[in-house]
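Each of the two complexes below includes chain A, the first together with chain B, the second together with chain C.
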Partner chain A sequence: MNPTHLVLGVIGADCHSVGNKILDAYFTEAGFHVTNLGVMVSQDEFIDAAVETDAAAILVSSLYGHGEIDCEGLRAKCVERGLDRILLYVGGNLVVGKTPYAEVEKKFLDMGFNRVFGPQVDLAEVVELLRSDIAAAGRK
Partner chain B sequence: MTPPAFASVDIGSTYTKGALFALEAGAFRLLARAETPTTVDDLAEGFARVRKQLAAGSGSSTDVPVYLSSSARGGLKIAALGLTADLTLSIARMAAYSAGGKVVRTYAYELSAEEIADLERLRPDIVLFTGGTDGGNSAVVLKNAELLGRSTTDAFILYAGNRKVRDRVLALLDKKAVAAADNVMPEVGTIQIEPAREVIRKIFLERIVDGKGLSAVVREIGRDPWPTPLAVFELAGKIGATQPGWSDFGMIDMGGATTDFYSHTEAFTGGDSVLLRGLHEPLLKRTVEGDLGMRVSAEALWESERTLITSRLAALGRPVEAFDGYIRAVAAAPESRPENPTEEEFDALMAAACVRAAALRHAGTLSKVYTPQGGFYVQRGKDLRRLTRLIGTGGYLSRSTSAGPVLEACAPQSADVDSQPLLPVSPEAYADEGYLIPLTANLAGDFPEEAARTAVAGLRKLKG
Partner chain C sequence: MRFEQMAWKDFLAQRLEVLKTWPTGKDVDLDEGLRYQRGIPEPKNFARAMNKAKSGRKTLIQPRAGVALIDDHIRLLRHLETEGTADLLPTTIDAYTRQNRYAEAAVGIEKSTAAGHSLLNGFPAVNHGVSGCRRVTEAVTKPIQVRHGTPDARLLAEISLAGGFTSYEGGGISYNIPYAKKVDLGDSLRAWRYVDRLVGYYEENGISINREPFGPLTGTLLPPFIGHVVAILEGLLALEQGVKSITLGYGQGGNVLQDLAALTSLRELAGEYFAKAGFSDFDLTIVFHQWMGGFPEDEAKAFAVISLGAFVAAAAEVEKIIVKSPHEAMGIPTKEANASGLKATRQVLSMLTDQKICADNDIIRREKELIRNEVRCLMEAVENAAGGDPIQGICRAFAGGLLDIPFAPSIYNRGRVLPARDNEGFIRLFSKGNLPLTDDIMSFHKDRLAERAKAESRPVTFQMVTDDIYAISKSKLIGRPK
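Entry: the complex of A and B
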């Protein structure tokens, strides 16, 4: 069976690259085919890569606090570009300051993301959620 | 002992040109030249005339090896089909250009009925069909295969997309002339154009040999001809690889119909605060601009570069109407040469616009990005700033005696301080004075270093 494709990257004008490399290694190890776009990735670059690879999910990282502005409109753009069933995950330090996590989560869920993660998440848990979400979406 | 002699003939769409060389001390020495109008109905006739002239001019026998190139059927028309514009389609275009082809149309995503009709009308020689990484998108790729299979297009279809569905694609296209090559983008951002380029080269060869008397010529000389633009592309690679001081150079081949830009330089050299986004372009790159030309494409040039040309006309104090009239006249009579100083000025202006636009389209950009971690630069496309030499070839630029027209490739673009085109900074300018590049290019397959050395030695350095 072909491995499931994921697209990974750090969105916007954000150059934090260490976590990105860890995620790449972790998801690859977990059996996914990871297309890692690295840092400073635009919405269009995420979508182009997802279209070409037929990815089941786009995993967006944001560490520098401007995630809200960078992620706004990503879901709509995916739908416009034909990715109407793609899973969108986002994680990191998504907003500046000490906003309660529940508020941050709601904000990003409202934006159309399927899962929202804070900076301290167990990656094993993310992989489990990803697998079940992919199965539920009827993807391979 | 007499040094061995070699003849090289290039059958162009207007002229058939030839040169006879002696191979001495690692370079070719020019013994004789010949030129005759191309005999369009039977290419063999013009070829024989050039060969005879070469033999007469040198007093040698006609019995020397002949190397041949041809662009006599107007080049290879390629329609490029990709999935997304910035990834597979962009790479498909790169593959087509580096195989010596001319991209006549591009299509992305699923082909619409309108696009299929357009393709059927356009009748390109090849449809370069790409899309999807290996194991990636198959839905759109298979749909496009089905649509192409049902269409009436008689173009040769070269499939170089997602390898996992190659068999199914070929099955859907079994009524067509079709071949497959490895995926031009096996992973996102990985460029693999060589296999597709090789197939295009073979198709190109079959097409130029087919008919118009060229097959008789090929039988006579016992050697396959090269498509001219491909021969020049290969020569550019050999010059960059073997000639001291020429590892970073550009070449502009400007003709009546198109302007071709070649660059041989590392596309991205990085640095601490520079990040490359998009594709990492190849060391040797060719782009072809079908709307930038001095004659056949004069009207298209006027259309595309109206802002620049209009502002230059104003600076010269020439009325737009006079230029407009000249454009119509030369487009209707592509053989015409300027007959007075005003017309010469107009030609110079057209040349400047062609060179400048071709350079800007070939080059990448560098933009300043402000981030919470400080200022960064983002590069897209190819960095031409390190080019130390620029060659002008083709009719107008070969004849040029000043560096001005070639150095238009370095002209600054906008006043936008946060984004700048990565054009050459201060290269030396050269003219391919004897117009030897296509003729030495023919010899580059068997004698790479010697041909490169000869091409470089035949250049004239231009002063500003």
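Entry: the complex of A and C
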């Protein structure tokens, strides 16, 4: 596992591109090697890129409400492809309609994501969590 | 540039293929569709409503809305027209349909039925077919439009126009570059030529269908002239195919004077470019979109953003405003939240109905002159790249970065233009990429940004752009350093 390599992208048929460009710039600035797949990325494209770069984490964005459909099964597919230690983060407006964050978080943690973020999260906080989660995963 | 109508035999040949792309396509019959449209009561015709708004100097209000299932969608629209007092209704199409991924839309319909609520972010009109669309359009009393983001919207247009919709949003640039990643620009422009020819055919047969290119594009710090050039080009391409009722749009930038200048200049410039190309028989109207960027999470603050947009629409005397909801920061609104955005907008517009707000002063004139010159630079470049063919001109201009939309996802967009706000919140260019703007114009942009950089004691960088993108969601217009 390469502790500085991240795979980034917006999942499914979602074309929200602004935040993606900002995340790319932010994580690069924070010292990570970011493989940014851009918008409209399939689960297989995420996994292919993670295998290729031996990434420590896949960062999935979704802003258009279909996150629930698009993200289902990603963890199982990662395990299938031998990525058994990879961290999965997801963030954005993940479901259709205003829903309490705790409910959304539970839904995506149950799906196998390690961290779940709302749209207004402070990116500095995400970088801190990512560093400590990667360090912990490396010790396993 | 030469403007030529698509040959009817080419249209019909293509049509056979288009209707085969999903099983519901076989239910579309052009003549039956015309007969059905003739039976729609006049007050429900969108083109007529826009025309009446113009002659009566009214600003009509319209929400965005769409869910997966027909009955739920009807309930949603009825709530928006009764409780929300919407003048015009939408049917927002889900993101799978927009990418022609109808099989995935079908899964979304199934899962929504099972879950008892919509898991899709819009109404999958192609899957529901002509009869499903008719159930929707017959259930409401207001004119109703298809709103989406579909690069190849040919089948959706066939089904929804035969299904009783009387307005169709989109265009070959505005529904590709901000909405797709790998769709060839020439392909989307040719697909939209088909859509415009279809609308032209309805027009020739006495059915007026309104067309609305999507003005705000990426909705993120878009300098007015970039959106205006796209709107004018898509307007020309629509008129070329026989469209008569055309509504051009612009999204709220946040600086009130820049927004007023942009809205008045859009109407003037489009009229001039259309006339110059030899078109005279058209009905041009203007739509203003409330803030398309990130919203504050706090609902009271969101209402403030919505109300400021409503004020600008009234001051600029536009025919239509597209309304946001207090749930915008969280994604798709409930029907109640959607109606409350409409009510807030209605309140502002009503209070301003009898007031004449002067949308003209020295600063607005300066901004209008700037926009006019910027638009001219880009339109000339497209003209020169066209070799007579507007579609070729547009494709070459994007390939060379002579047209470039900031923050767009498409690989056919250079993406080298970076905007930022100046010290008064006007949207300027920090990097022009390859846009063919004169040195005079660029030195104005640079001077204005230098003023802000000095005031904030920091250089103009990507960080400043990022700060501006999040500023409104954090209750400011300009992203000042902490």
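By our rule, the second predicted complex is superposed on the first by the 135 of 140 C-alpha atoms of A that agree within 3 Å, B and C clash if a C-alpha of one lies under 4 Å from a C-alpha of the other, contacts with A are read in each partner's own complex, and residues count from 1 in each chain.
Definition applied: a residue touches a chain if its C-beta (ideal position, glycine included) is under 8 Å from a C-beta of that chain, and two chains touch if they have at least 3 such contacts.
If you're wondering where the values come from, they're calculated on a predicted model, not measured in any experiment.
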{"item": "Partner chain in contact with A:35 - chain B first, chain C second, else both or neither", "value": "first"}
{"item": "Touched partner set for A:45, first chain B, second chain C, both or neither", "value": "first"}
{"item": "Which of chain B and chain C A:15 touches, first, second, both or neither", "value": "both"}
{"item": "First (chain B), second (chain C), both or neither touched by A:82", "value": "first"}
{"item": "Which superposed partner A:65 touches (first chain B, second chain C, both, neither)", "value": "both"}
{"item": "Interface residues of chain A shared between complexes with chain B and chain C", "value": "13-15, 39-40, 64-66"}
{"item": "Complex contact set, residues of chain B against chain A", "value": "83-84, 86-88, 109, 131-133, 135-139, 164, 185, 187-189, 275, 277-278, 369-373, 376, 378"}
{"item": "Chain A - residues contacting chain B, complex", "value": "2-3, 5, 7, 13-15, 33, 35, 37, 39-42, 44-45, 48-49, 51-55, 64-66, 82"}
{"item": "Interfacial residue positions of chain C with respect to chain A in the complex", "value": "94-96, 98-99, 101, 104, 107-108, 111, 117-121, 149, 178-181, 218, 220, 294, 297, 327, 329-334, 337, 407-409, 462, 466, 469, 473"}
{"item": "Chain C-touching residues of chain A, taken from the complex the two chains share", "value": "12-15, 17-18, 20-22, 25-26, 38-40, 63-66, 68-69, 93, 95-99, 119-120"}
